[in-house]
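Letters A, B, C, D and E name the chains as they come in the text, with residue numbers starting at 1 for each one.
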Amino acid sequence: QDVGVTATEILLGEVQPMSGPASLIGKAGAAGSKLAIAEINAKGGINGRKLRAIYEDDGYVPARSVTAVKKLIDSEKVFALTGTTGSSHMVAMLPTIEEAKIPTIVHMAPNPAVVSPRRPTVFMIGPDYDLAGFVPVSYMVEKLGQKSGKFGILYQDDDFGKALLAGYQKAVKQHGVTSVAEIPFKRGAKDFSAEVLSLKEKGITAVYLGTLTTESAAVMAEFRRLGMKPVIGTLWAGQLPAAVKLAAPSGFEYLIPDYYASNYDPAGIKLMALAKQHLNADDYANFNRYTVSGYVGTQVLAEGIRRCGPKVTRVCVVEQLNKLKDYNTGGLTGPVSFDNPKAQAVLPIKLFQTDPKNATVRSLTDFIAY
Amino acid sequence: MRLPWSITAASLERAAMLTITNLQVYYDRAVEALRDASFEVQAGQIVALLGSNGAGKSTVLKSISGVLYPEDGEILGGSIAYEGTSLAGLAPHEIVRRGIVQVPEGRRLFDKLTVEENLLMGGYSRPLGEINAALDQVFTLFPDVKQHRSRVSGYLSGGQQQMVAIGRALMSRPRLLLLDEPSLGLAPQIIAEIFGAIRRLRDEQKMTVLLVEQNAQLALSVADYGYIMERGRVVLDGEPSKLLSNEDVKEFYLGMGAGVDQRRSMRDVKHYKRRKRWLS
Amino acid sequence: MSYFLNLLMSGLVIGSLYGLIAMGFAMVYRATGMVNFAVGEVMMMTAYISYNLAQVPGLGFMGVFLAMLPISMLLGWAIERVFIRPMLGEPMFSRVMVTIGLAVVIRSAVILIWGVEPQPYPRLLGDEVIRLGEMALYPSQIFSLCIMALLCLVMWAFFRHSRVGIAMRATSNNETTALLMGINVNRISGIAWALSSFFSAMAGLAFCLMFALEPEVSQMGLRGFPATILGGLDSVVGGAFGGLVIGVAENMAGGYLGRGLKEIAGFVLIIVVLMVKPYGLFGQREIERV
Amino acid sequence: MTPLLELSGVSKRFGGLDALSGIDLKVMPGQIYSVIGPNGAGKTTLFNMASCLLHPSAGQIRFGGQDITGKPAHLMPRLGMARTFQNLAVFKHETVIDNILTGMHTHLKTGILGAALFWGPTRKAEIAAREAAEEIVEFLEIETIRDVPVGTLSYGLQKRVELGRALAMRPRLLLLDEMVSGMNQEETEDIARFILDIREERGITVMMIEHDMGIVMDISDHVAVLNFGRKIADGTPQEVSAHPAVVAAYLGVAENAAGGQP
Amino acid sequence: MRTRSYKTSYSDLVALSQYQSTWIWAIAGLMVLAFAPVVLGSHGLSILSVIFVMGIGILGLNLLTGVTGLISLAHAGFLLIGAYAQAILTTDYHFPVWLAVFASGLVAAIASLVVGVPSLRLKGLYLAITTLAFTFIVRHVVLFAEGLTRGSEGMAVEPLVLMGYAVKSDVSFFYVALAMVVLFVLLTLNIMRSRIGRAWLAVRDHDIAARAMGISLMRYKLLAFMVCAFYTGVAGALVALQTRYINVDTFSILVSIEALAMVIVGGLGRVHGALLGTALILVLPELLSFGFSLAGDRFTTLLSDRIYEIKGLLYGVVILAFLRLEPEGLAGIWRKVKRFWVHWPLSQ
């Protein structure tokens, strides 16, 4: 048997921002993983072995992610890693992961740098970030009559924001529309009055917001204050219940692309019911799309382990995952396949739109591959 | 007047305003600054506390005012009784409210504040209505201070600062005034004025003064009673006339050659030192 | 022109928030000579408390506002009493460190109690956009401007006409002498903390009304620090002014220069000002005498 | 003989206040030169000019024949000038011996690399410095407090340490600002003896500000009197103490002048 | 009862340590540390390595803030510069990795002049804010100068190669970190017993008197900044070598504040204090985790996701309690323990 595997148990590990403001995401992710494990264990585990996971906190600081992952690998002796934190944090952990040759699923913050160059034991679920920029802009042009609209983007001044920008630019170019404003902002900014004013000055009619929860709400409040009514698209984090609730008073119906179902989707609602059954109240309260993410990530890893049969080794799991094709997540995502050179499951994307009146989200399209 | 009795006998006879008994003070739990220092101050008197550098005079005053703790000092034994009640455990501002104010050694002005603000702070414990009268009193005592009232006190000369420091303490009209080396850095003329003022405070306002001074001659010339401290304890006490006639006092505190009642020139100071009798 | 005016206006709005925070910093500094690194956290805590109050039906804005006055002052006073006072007479660095420790504690405690998820804060003042010529403002933004202006006036009068104001400066100037003069140093520091906490509470309230209730409120604390420095550490009213200046500078940089310069515009401004006036715009210089 | 220190027409204004106006004076090598005057007369300011901590608004200062007007203060020790301060300026948290060693700063030449390695010449120089410091400790009779942090010493002892630190600078001219304030007769006498010894044994010229007429009259060779920023008299102790302007402005009653105690 | 050993020559008086026994203890301590890899797992070792690496930076900060009295929040900025210098020099300019470590220190030292110069005019917190501004501006520049730094993408860092052997494992890095920290401790102790250390202390205690001693404030303040930045730059380079990936997020402003906390908790101006402070602040979270893990799974599930906040809370509480009990920091405790020991059996 391999490290972290005993006759009765398989030990998994996950590094997440469990403290501080980013813990909104980290805790939800961990809850998803807990849910998957609880569900599997309730059904008797994998080939007789129960799963157990250890969640390490990195406080959303890359250097701490490295310490945390070392702790999981070297001290806790986990068998595989199911979850990961933000993009740069993941990149920071990669050398350690690569050296330890430990099977790792990346299901949050799908950063292209994770799979190029390919690390043999690392598998990523999710399309590249730039699709989050590409899809809503395309939809605006094609379906929302913005063919001759003036486009603008506000993006966070880091690699995550830059990826979104790249997707946005690709869409703008592909559809031959004009982009009049590309405005970066620093992470943690609260006040967007200057940025929004210059968007107004440029006369935008459609805007892409590369912003997270509270920032999106702040930007939309500014739109309302200045009497602007642009068409708005954002990324998947925009369908966090908190984001939707915060933005609702401004009354915008904004577009959200996502490769995971959410609290508002039939598949998501089903998962929530399951969560209610298996998770404690705190974890249940944290439920959002990152819970789905954590759930899917862990299920996929579990599938790899399951396919190895009773003799579980890292080599075998990696081999099985490499062969994974069209794994069905029950509507939570499109089919998951790692059988490509990058070992990245480029998932199809579904578009959602918010309903500010009820502070909920409805789906516009089905999962569509781009 | 007082008889040169021993302290205990004296305190039996008449309750003193301030009685210090066997005071023992440590700094940092390591440096013994006072060991069994005992003395008392009678109401309405000027009591001089003399002693060489490091004898513990300032420590005595800090103990009375309750400000040892910022320097990690601690009273480990003995007691300080003021008008029959113990001062132990009282916060410094409560002590001030009872009428004890100190002019600390080395002026310690609020150097960022103006002269006038410094004086106002001196009168912090008094009702606002009385402040103007008190200010006027200080200005009559030190006309120089009035002239500089709106200057930032940190930029005054050393002597000017000393005047402000004394004036500031007087602002609260204390009943017991603790002066730590008031003549420090003052020109002879001003010193004479200040000592005149101290005398007047006693005579006219019945203020009690505990005066720590290096200038023994001067201190004893205004004092009603004197104590001499060495290495943390009182080694000699008595009325000025008694102290002034003591051979050691003459030699070490007044600078008179042995047996002669004339001040010797400092050019003639010996390179070897004579031991003080009270230590042997 | 309207672009400029709008930039200016929203600069003033965010600046008033910085200003309120800066006043909280300056208050404690003025009275005790220490920096309170927990200003942002006090702001966070009071914001969350006010959120619970705001949920009480019928209390309304005035109710919350009036309730926050004693609550925040009491909180500040309690912090002083429990954490700061025992450190009296200890080295300044250790005292400042206490506020850093306090910040960690409050931050964790608030998240522990209220959770991390950002919450929409009830729009107590309504949500109608108010138009002033070419400019438009939310009521909450007007509140932020007004409360800062009001507190500024009150503080100005306080320092000018009350002996406690001078006593605060005296205490931070020389604590031992303040003790010797009969100044109740503990009370002074208690008052300062209570007032500082009140300023922070107002900043927190303004923040929540404008944005949302979220744990990151606490990070605003550090952003108010430059304003304090710009105004001069020991000047409460200066801090308010510094806040406005930085708010406007940031917005102008964001509006005219772009490229993420908004974030550092305030800092660049501070460096420039400090090179000319090393003690900020209204700060008192250290006395350097021999 | 050229004067060691020469001020010509030195004035200093602080805002609207004339702290010094048109001061001329000459300190000859080997002299003990006292400056007296009422509080606020400008004596300390005069020292601050001489040691270049402040620069005059007008006038010129020459030290050892060289014009030092406007030079940075930290060059003075190298030229051979050392001073003490009226309001204790010791390094409170350092020990007595470290204070004295700091005084030797300019006589050591160690750079940062030498210091970090502490090898060869650095080590030798440090040992020599320590030896010299011990000698000063012995001279000032402060052996017992050698390793005590200066901040915990009594006022008088701190002043003595400050004197030691100034001596460590191996100056040609020593400026003492109110050295004996806060000292009793015995300690004043000790300081007087030190000053005389400093001059005799080390050949250092001493310039001092004092309010204690005893020490001024007894040991100085020359006395200058300032009042309101102007020099009102200048001469031997006897001449000065008989000068009517001095008596009026400073000493008060005439007989005090000789007696020392007012 | 231990007595001060009798000095027979002046060279004894300038020795690194006043007591022979200090050497014995120090060597014994090093021996114990040298065998740490036998006992500790890789996680424990990497924690120790982080302590050593950060400790080097804190030694430098201590020279600047504790010894020279200049409050600096530029620590994160210096670390960032050191780390990026290491990455850039080795990847783009092919410096030998070990040389790049020291070169990174130098780069940081030169960069420090930018904050050093304002320090000549500013005091206390006014200086603190400009150093804070420095950190922000450095972060901005790193993000902006994409050509050099790859912007927000971050950089991968080549491992250290010593005599043909790549220092990749935690054990080998541990020894490198240990050797470096010992080296820097010795350098620091030497600087502190030379005229430069004394000059810095003088600048802190009384800058006017320092000038009168012939100490040029400009020179020594700048020197303090440069030395601090050198130490911190080296520490930054080592951080880069340890994590082997860097980006700006690792060096947020909180790192600067935490660094100050380490210096203060350690006891300002003390060499051993700086190291103890670093160790305490870094080990505390580990200890708390360990404590919780001892309490068992059931307990942790009971607390569920609140455990992380509870940890944060306890962390703060420990620091507060510590300051309350020992405001002079760990160095104060050290001193008291030593005094007790020295005076034993006479100590009360």
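Here are a few things to note about the model shown:
What we mean here is this: a contact is a pair of C-beta atoms (placed from the backbone, for glycine too) under 8 Å apart; a residue touches a chain by one contact, two chains touch by 3 or more.
What you see is a predicted model; the values in this text were computed from it and never measured.
Chains that touch both chain A and chain E: C.
The chains other than chain A, linked only through touching, hold together as one piece.
Separation of chain B from chain C in touch steps, taking the shortest path, is 1.
Compared with chain B, the chain whose C-alpha mean position is the greatest distance off is A. With centres set at the average Cα position, the gap from chain B to chain E is 48 Å. Mean C-alpha position of chain D lies 41 Å from that of chain E. Work out the mean CA point of chain A and of chain D, and you get 74 Å between them.
Multi-chain contact residues of chain D (touching two or more other chains): 44, 53, 85-87, 89. Counting only residues that touch two or more partner chains, chain B has 155. For chain E, the set of residues touching two or more other chains reads 143, 208-209, 306, 309, 311-312. Put simply, chain A touches chain C in their complex at residues 19-21, 23-24, 27, 157, 183-186, 188-191, 193-195, 197-198, 201, 213-214, 217-218, 221, 224-227, 242, 245-246, 248-249, 285-286. Taken together, the chain E residues at the contact with chain D in this complex read 10-11, 13-14, 187, 190-191, 193-199, 201-202, 204-206, 208-217, 223, 227, 269.
Put simply, chain D touches chain E in their complex at residues 51, 53, 72-78, 82-83, 85, 89-94, 98, 101-106, 108, 110, 112, 114-118, 122-123, 126-131, 134, 165, 169. Remark: chain D residues 14, 37-41, 44, 86-88, 152-157, 178, 181-190, 192-193, 196, 211, 213-215, 218-219, 250-253, 256, 259-262 touch chain B in the complex. Note for the complex: chain B touches chain D at residues 27-28, 31, 50-55, 58, 105-107, 144, 155-160, 162-163, 181, 184-192, 214-218, 252-255, 263, 265-267, 269, 271.
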